[in-house]
Amino acid sequence: MKGKMDKLGEKLKGKEIRIPVDLTVGVVFFLFAVVVMLLMPSQVAVSERDVVNGRAFPELLMWLMMACCAGLVIKEIVKIVRKQPLEYKTINLLVELKALIIIAILIITYVLCRVTDLFVVGAVFCALAFLIYFRCKKPLYYVITVGLAVGIWAAFRFLLNVRF
Amino acid sequence: MKKSIRRLCLVLALVMVMSFATATSAFAADTWTVTCPWAPDGVASLVSQKAASLSTEYSKDITLVAEAIKGDAATVNTWVLDNEANDPSLVFVGEGLLSITATMDPAKLQFGYEDFVFVENLYSSVFVLSADAKLEIENIEDLQAYVADAEEITVATNGATGSEAFLAAALFGSMGAGDALKLVPYQSAAEAAQAVSRGETDFAVSHQSQILETYNQGGVTVVCAFDEGAIENGPFAGIEGVGQYGYPYFRNRCFIMARAGTDEATVAALKALYDDILADEEVVEWLHDTMLLEVDTMTVEDVEAHVENVTNIVNEYIDIVQPA
Amino acid sequence: MLQHIIPASGLLFTLQNILWINIGVFIGAVFAAIPGLTVILCVILFLPVTYSMSAIPGMMFLLGIYCAGGYGGSVSAILINTPGTPHAAATMLDGHPLSKAGRTKAALKIALYASTFGGIFSALALLFLGPQVAKLAAQLGTPECFMVCVFGLTIIAGVSGKSMVRGIIAACLGLLISCIGSDPMTSYDRFTFGVNRLYLGLDLAVCLIGLFALVEIVSRAEQKPGELHMDTKKMHDNGAITKEEYKRMARPTIMGSLIGVLVGIIPGTGASEASWFSYSQAKSMSKHPEEFGHGSVEGVAAAESANNAVTGATLIPLLTLGIPGDGTVAIMLSALMINGLNPGLSLFTTQGDIMYAIMLGLILVNIFMLLQGKILTPIFAKVVSIPQEILTPIIVIFCFAGAYSVNKNYFDVCVALVFCVLAWILRKLDMPPVPILLGLVLGKMTETNFRRALLISNGSPKIFVSSVYCWIFIGLIVLAVGTILRGKIKDRKAKAAPPKEE
């Protein structure tokens, strides 16, 4: 297992994606603002008697967001036309895979807590999962971390009366 | 490193011992958790804490533990889902949930009155209408004269569709000034009280305790009470009740509920405990003098009548509070 | 006043009170230092302890938590780049870079000294100017509060990092997120998508856990295996602060304290707003603005003095008008009421000794915070030497427990996770998270005051220029925008100019 992971790591280590930051931000958030504007009538009810209704503020924000995005996109297009360098962000696939694993640990911890309705189960899983993620080989660290996980739950449950 | 690990182990052991000790003591008695679905600094939560702190004095079998989980309908929804008949858990509901939300936005509620069994009413609060001192409105007759000439009446309320908003709508609506009424919602009762005292609005509706300080400083006059008769005790004694003039009103109440199906004997024991606590001289005095509330023990019939009365008012004046 | 001081001192200086102050200070500092656990949560959880106490020890205990929590939040911000509480986010911008530069103890000490100064400054303001300041604050109505918010939004320019446009987009996102939930002006649901829990809106503390704490955990993915253990032996961190640094700290600390007091007396605002106002002001007045965000001692001092100066100021409207200055103080009010004390000016006549004992007690709380802080600083500083294998899951567990405890519901844990993923995506797009936080802090207040003001004026915008206070805030906004524009022009000129030859 460890060998396979190392191999995969080695494979992904050099793989990188470069994204033009401003152009991506401009396009993504422009689309986001458009979607919010389209959702507005179904998500925000208003009354005719409102002096300033509940849509006014979010609409104002989305117009501002769209204007900023348009500005970013136009600036980047001008740069492309003038053949000026764009600002790029490099995304390393190995880093993203590791991030996905961490996010998965967090989500599983949450699901375990919710399904069992026992926070301590999720807490112990979280402790063990991170120790394994960091490839920890020291048994003492396992004892300490799991012990602390149980201790934190106990302190909240019995001292602070948070029932979970 | 070894030293810090040893220290960590020591802390852990200490936490475990403390947790175990507390856990042992916590489970010693028959503990009933009382969930208040409103802010921990609110009136209901405070009175609940006070009652809980006295429960061991009045009962050997039942210990009340008060907790406040802000969330209104969402908290009560969760409570109903998580609890079954005879579970040692109680929850507060008031006319806000049973009459206002149930009428205006029933989709928010995953429960009905039938999901609960009534234990006791924790307190009763009479709302008052205060006016900007510059308007020189001292009583209901002054108010009627003012309303007759006013083109616009602004009233500060805590929240947009709470009890305060409906009381204002009911009073001015029944005076024939529903169209002239403009409700100005604030984030808290204290903010609403300040708004009327600096002339931002003409009137405010609030609990008596929430307007007391502004009144003491001369910023507002207290015009009337939303009750059948005049206020009898406290700093606002003698203030007329709108009921004397035939205007609609209701009091703010806080019902302690158990899950439907809970044994009658258990409910009776809980009711008896609350009745004992609410009869305690110290509690009565504290409710009167500090919170400006009244002890008002009720029966199931009283509760149903209260809910029906508020629902009728909500149905009648909903167009003023939340126009389509 | 003087006739109350001696009997008040007698009531205050008892062994019981000193003990409760110290317990409160310790709990507050440690609790707020843990990511995910906020001061307000700490006060809620420990409030029942005070119900069996009389008013003074009860208030001393809660004030201990409240004040020390102001400082405690900065500890994790400095140590692990994760603000323990929302108001410590500004401290994080410079505190953590200082720590990374091997000056952890120094950063913690700067935060402690600035916090203590701010705390004592506001306690003195409460003691000597309370009623006068409260009357002034009571004059600030809806349009004035809106102006404060607009002024607050000008800070976005200073915390946007490389690109102001991206900062504005991020702020718009934060402001939009603050719209989720029940519309405060009509009670209609907005952007709830049928999810019942969403109509309560999103809790700031929960969002903060996702935006800053959990995303910092995900960022462990960027660490190489060798970076898991910090070599603290090489750091030689003696915690010394130079004379020059003390001198540089002085102005932002004094200004920060003043800003903290002014912001704190306005009900509805709080330590988060104050720390950002102060940070932004310190940056614009500094001779070394380029150091901000890279470990500026002025940045740490400005943010910390302001957020602790709020503590005394929020008590001003509470004790004199019965209006809680912020959420935490609102909960502390119950410790007074349960003892039969209904705060307000009249209480100064009927129970003057108790009121002055509480006000004097606030000074004492800050002194004990300094003493305990000095003892705790070297212990806190050791956190950076805890192996990541142990520290990482422990932070996650605390974050989850904290998020759950806010409303005692797993829904909030889910919200924190969503914000974590959002923050990670935004990080990939070089979008700054701080403007999102600012949007969340100021969003509801900005919108509510804007709409309420127009409701009162029947839609006339003249209401925003209807008082002297409005004009004062307009002046401040113009000044802030002018400073931003001047800075941008300077930057552009500096970029355009050919490099100087040496």
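Here the chain labels run A, B and C in written order, and each chain numbers its own residues starting at 1.
Methods note: a contact is a pair of C-beta atoms (placed from the backbone, for glycine too) under 8 Å apart; a residue touches a chain by one contact, two chains touch by 3 or more.
Computed from a predicted model, the values in this text were never measured in an experiment.
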Compare the CA centroid of subunit B with every other chain's and tell me the farthest one. A
Two chains sharing the most contacts, counting C-beta pairs only: A-C
Cα centroid separation, subunit B vs subunit C, in Å, comes to 31
Where the centres are mean C-alpha positions, what is the separation of subunit A from subunit B, in Å? 40
Express in whole angstrom the distance between the two chain centres, defined as the mean CA positions of subunit A and subunit C. 24
Residue ranges of subunit C touching at least 2 other chains are 48, 183, 185-186, 408, 455
Specify, in ascending order, the residues of subunit B that touch 2 or more different other chains. 67, 322
Flagged in subunit A as touching 2+ other chains are 47, 144, 148, 161
Can you tell me which positions in subunit B touch subunit C when the two form their complex? 1, 4, 39-41, 45-46, 49-50, 53, 66-75, 77-78, 104-105, 108, 110, 154, 159-161, 182, 184-188, 190-191, 193-195, 197-198, 200-201, 209, 212-214, 216-217, 286, 289-291, 322
What residues on subunit A touch subunit B, complex-wise? 47-49, 140, 144, 147-148, 150-151, 154-155, 157-159, 161
Which subunit B residues qualify as touching subunit A in the complex? 5, 8-9, 11-12, 15-16, 18-20, 22-23, 26, 65, 67, 322-324
Could you pull out which subunit C residues touch subunit B in their complex? 44, 47-48, 51-52, 138-139, 141-142, 183-187, 196-197, 199-200, 267-268, 321-324, 330-331, 333-334, 337-338, 340-346, 382, 385-386, 407-409, 448, 452, 455-456
So in the complex, the part of subunit A that touches subunit C is made up of which residues? 19, 21-22, 24-25, 28-29, 36, 39, 43-47, 50-54, 56-58, 61-62, 64-65, 68-69, 71-72, 89, 91, 95-99, 101-103, 106-107, 109-110, 113-114, 119, 122-123, 126-127, 129-131, 134, 136, 141, 144-145, 148-149, 152-153, 156, 160-164
